[in-house]
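Across the two complexes that follow, chain A remains constant while its partner is chain B and subsequently chain C.
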Partner chain A sequence: MTTIQILVSGVLIGGVYALLAVGITLVLGVMKIVNFAQGELLMVGMYLTLLLHTVLGLHPYVAFPIVVVALFGLGAGIHFGLLRWVVDRGHTQQIVLTLGIGIVLQSAALMIFGGSFQSLQIEPFRGGSIVIGSISIGTTRLAAFVVAGIATIALLFLLDRTLTGKAMRATAMDRDAATLMGIPVQRVYLITMGIGSALAGAAGVMLMPIYPVYPTVGVNILLIGFVVVVLGGLGSVAGAFLGGIIIGVVEALAGFWLGAAMSQIVVFALFIVILLVRPQGILKGDTV
Partner chain B sequence: MSQQIVNRSSGPIDPMVRSRPLPKHSLLIGFGVVAIALLAFVSSSAPVFYGHMIVMTLIYAALATSWNIIGGFAGQLSLGHAAFFGLGAYTSSILFVDFGISPWIGLLIALLGGATLGLLIGIPTFRLRGPYFALATLALGIILLNVAVHFRELTGGHVGISLPPTEGWGTMTFLNRWQYVVIAGGYLLVCLLISGIILSNRFGYQLAAVREDEEAARALGVNATRVKLLAGTLSGGLAAGIGTIYAQYILFLTPDSVLGTAVSIEIIVLAIVGGSGKLYGPLLGAVLLIPAGQLVLREFGGALPGLHTLVYGVIVIIVILLFPRGIWGMLTDTAALINRRRKHS
Partner chain C sequence: MSKSHFKPVLALALMGTLALTACASTAGDSTSEAEAPITIGVLLPLTGPLSTLGKEMQNGYEVARTLFNEAGGVDGRQIEFQVSDAPTPEDAVSVAGTLSTDPDVTAIMGSYSSSIAIPASAVASRNQMPYWETGSVAAATTDRGLSHLYRTVISAAMPAYSNATQEFISKVAAPALESSPDELRFGLVFEDGAYGTSASDQFKALAGTEGYNLVATESYAANTNDLTSVIERLKAAKIDVLYSVPNINDAILLTQQSAALGFKPAYTLGNGTGYTSVDFIAAVGDTADGLVVADAAPLNISDSLLSADLSPTYSEFITAYEEQIGRKPLTHATLGYVGATVLFQEVLSKAETLDADGIVAAAEAVDLGPGETVASFGVKFDETGQNERAGWFFMQYQEGELVTIYPTALASGQ
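Coming up: the complex of A and B.
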């Protein structure tokens, strides 16, 4: 029974990983940039949720649209001010630039909020859980999972059924050809970076009632996010969602059987093996 | 500067090295020895803060210079160089504390260990290109970090290892700072010398070719895998060696202080800001950023924690956007431009 309980927890926390990873994979697929600031964007989302709660008394789930829109703006702003200039440059420059952006966001959070762990206490949700047989499901975790699923489906719909999505897919496939077809590539990048950032914000909101926030909270989650992205296949949205759940489960089971540090070793060793053996990921064929 | 064609778009090769390799290296040794002697003299009488600043700058300069061999010369972005640094620090410290082996022998074993790790990691990962390689090395760093956390009996886990303060050259432990300046400075000089020799040799050209276009390099008969492996081995070994020196200086190790992702990122920041792929780029980066960071930390660390890393982040962003070839690259470009203007007028 314990195993099933852990399995369920793993699947649910995998939803948050998926939400973050979908954002990374989208930016990577369309812009070909590995965004190392994605974890810090999630951190910003968490602090923003906390701030809206403590200052305005907003429930995190009510604050959700505000945070998502704010993070979309932040992401679009980062593209407009900074990333725009390195889209044509090599990977090293892009990675180091996003690392720099991450350092700035992290330091700013440390200066504003201090380094201590802060968590959100909301009574109706705190400790709330649904019990089925001997398995209990935390309501906040379940909510995070459901939102992750909805966000992924919505993104797939956007990519598959709308003109904006079509432009994004075209840009992902061949930037020059897309430009020749009259697609405003820079605007597509702006939207892509905005959506990627908004997804990190969504993950931040859903994580806030589950996990305490501190300035470097994004670092470890980002690393898990990369594992998920590679597992799912770089640029594949559906793969990232599936990968998030797989990594959530693997981490939870390995953590239970082998301990926290060992579970990290297992997850990242798995990561290197996937990179070497199946770099195209579990789902072949790009969705983006 | 003779009539050499300066390849401005790429090329790590300084025209002076190309024309006369030997005098340049002896110049480097001469300057280096004098600089180390001066710094040692200064650090013996300077306040603790400045002495510490000098040693840390030298240690990080050596670390960034060792990263530069694989990250700069070969153009393979290693995001996990703390793995080598930490491996060196832990290897010599465990040998010293548990087995009483002198850190000097520990240093040699660390060099070999780092080189072996560089080789072993390189064999599978050098097949990966671009961001894949960066992500694989990042994972390697995290794995080693967690290995250090997990195997408590050997590494002390999160508690870390404290080294005994038994002073003397045999134990590489000193109460004063000037000895550390001599050791770390000497090590940095060795790293620079090895880098200089690489750049002025065939090996350096091969690395540059692989960095600029691996397919083309292979087509021209460069054994890309072999040269990358050699660069990775050298880079890993040198990074591990400075880890031992760091451990002997701080006398206290935790997984996060030597194996943390923050260490890996700091190395890259120093090299990129200074100018990766340039012989003196990482050194310049360390000389500019480490003292600046420590000064900001001392002045504002209490009131505004995070300001020194904020400054770091802003500098990284500015350098990437405005001086993609680093500050060293910007300076040499400007110098070349002025030179050309003067000739033409």
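Coming up: the complex of A and C.
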């Protein structure tokens, strides 16, 4: 029974990892940019949720659309003001720029909110859980998992069925050919970065009732996010979702069987094994 | 980068340098030696994950400084702080280097966290700069026998620390569970940094000598975002008493996830830090009620329990703190206040000279008895610089407030 509980908890936390990783993988797949600021965008999403709650009294799940739209705007703004100048440049410029954006966002959060750990507590979600038999499912974690699932499906639908999605996939496949076909590549990038950022915002909203926010909260989660992206297959949206769940479960099971101190070793050992044995990831990065 | 890009960068750098030079020259103006302020380098983590309690300790320093300066300072000379942020051990090394080679700095005071204190004090001692530690509890801080280090707060290696825990368990916790310590099943959970490891090592040693039945020992990284596996392992071990040593965010996570997963040991004994921060209280609210927390200073005591000669008194400290900060002090503010006040009143005021040798001599002469600080413990440094009179106290969350319950002489609530 305990193993099932661990499995359930692992799958649920995996949902949060997936939500962050899907954003990273989308930007990576379409724009070929590794966005090191994704963790900080998540942090912005968390603070925005907190602010909307403390100032306007909005429940985080009510604030969800506001945060997602705001983060879409922020992401699009970052692309318009900064990223578009380095899309054609080498990876070094891109890495330095996204790292820099991350540091600026971190420092801004520190200046505005200070370095303390701020939590948001809303009944009935605080410590709330659905108990089935002896399995307890945290309501906030379940909500995060459901949102991750819906977001992934919606994104896959967008990529597969809409004209925008087709343009995104075409740009991902061959940027020059896409330009020749009359696809407004820069606008596609703008939308991609906006969606990637909105996904970080969504992850932020869902994480806020679970975990306290502080300016460097994104750093640790981002590291797991990268492992998930590599595991799932660079650029694969469905892979990122699957990878998130796998990492969540592996971390939880390793933590239970071997002790929490060992769980990180197992996760990163898995990361190294994937890089050696299957560098393309579980699902090859062809979804985007 | 082309050459033309360098010009504005160079110009900016030049302007910056000029501005700094200007600041430096105003700082060293012509006030005579007798009236010149005394500068204390404050080294604390003020940003990053340790900042919550770093700031709390800084609040204590500031209140101590205000009260001391209002009372006339050191023969009319005011105390000034040169505050430096050291969020990580690496920063601690560089900040300690800068402060200890600054001719204006008389002593360094810090640093709340053991992970900051250990590297920073090593650098300061190498540069023969007095280092006044008010917050770190890890044994390693003073165990290294550094020449210029003094610690006002308890060390986890002190017998008083283990004895207090042992006495509390046998006289308060076990009777409350209508049992005896050797019949109870103990669990230990800790964050695997310098602080958690040191405090848990002491508990393991205590469990060994006292014959506690320690059935589960779990550690984890403090920056974790899920503690389900840890909690499930503790749950499976069927423990009666949980001894827990977390930092702040993991204290919140542990408390919330334990509630969500239905893990409620009969008795939870928390070790300081994570459980005595404003953030913790704000995050968990009344979920914490009943939780017992051990820390290095008692809270919510009264003047009558302390020496009548103590000045400022406990209530004057509380009033000044509330006026300046806007709420009551917690443990780390109290420890910061005590440490700073002892430095100002007993060392700087009594030192014959304010160089390193003078301060060391004055520190070695400090002799405060029980009740002569607002944290109730006395101060006398042993040969390693450790305050051998520091104490360890037990408090309980009652309606969202920490009330001292042990030692019974200080107990304002039960």
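Here are some notes:
By our rule, the second predicted complex is superposed on the first by the 284 of 288 C-alpha atoms of A that agree within 3 Å, B and C clash if a C-alpha of one lies under 4 Å from a C-alpha of the other, contacts with A are read in each partner's own complex, and residues count from 1 in each chain.
Keep this in mind: contacts are C-beta pairs under 8 Å (C-beta built on N, C-alpha and C of every residue); 3 or more make two chains touch, one makes a residue touch a chain.
Note that the coordinates shown come from a computational prediction; the quantities given were computed from them, not determined experimentally.
With chain A as the common reference for superposition, the partners chain B and chain C occupy clashing space. When the two complexes are overlaid on their common chain A, residue A:Glu251 makes contact with chain C while staying clear of chain B. In the superposed model, A:Ile265 makes contact with chain B only, not with chain C. When the shared chain is aligned, chain B comes close enough to touch A:Leu99, but chain C does not. When both complexes are overlaid on chain A, the residue A:Ser9 reaches chain C alone and has no touch with chain B. When the two complexes are overlaid on their common chain A, residue A:Val146 makes contact with neither chain B nor chain C. By the touch criterion defined above, A:Gly138 lies against chain C but remains apart from chain B after alignment on the C-alpha atoms of chain A. In the superposed model, A:Ser119 lies in contact with chain C only, and not with chain B. Contacts of A:Leu110 after superposition on the shared chain: both chain B and chain C are touched. The single stretch of chain B with clashing C-alpha atoms against chain C, selected from 45-53, 81-89 or 117-125, is 45-53. Counting contacts by the rule stated earlier, residues 110, 114-115, 215, 259, 261, 264 of chain A appear in both its interface with chain B and its interface with chain C. For chain A in complex with chain B, the touching residues are 28, 34, 82, 85-86, 89, 91-93, 95-97, 99-104, 106-111, 114-115, 215, 219, 223, 226-227, 230, 259, 261-262, 264-265, 268-269, 271-272, 275-276, 279. By the touch criterion given at the top, residues 46-49, 51-52, 55, 192, 218-221, 223-230, 232-233, 235-236, 248-249, 252-253, 256-257, 259-262, 277-279, 282-285, 287 of chain C touch chain A in their complex.
Residues 2, 5-6, 9-10, 13, 16, 110, 114-119, 121, 126-129, 131, 136, 138, 210-212, 214-216, 220-221, 248, 251-256, 259-261, 263-264 of chain A are the ones that touch chain C when the two sit in their complex.
Per the touch definition, chain B reaches chain A in the complex via residues 71, 75, 77, 79, 124-125, 127-128, 130-132, 134-136, 138-140, 142-143, 146-147, 149-150, 261, 265, 268-269, 272, 276, 304-307, 309-310, 312-314, 316-317, 320-321, 324.
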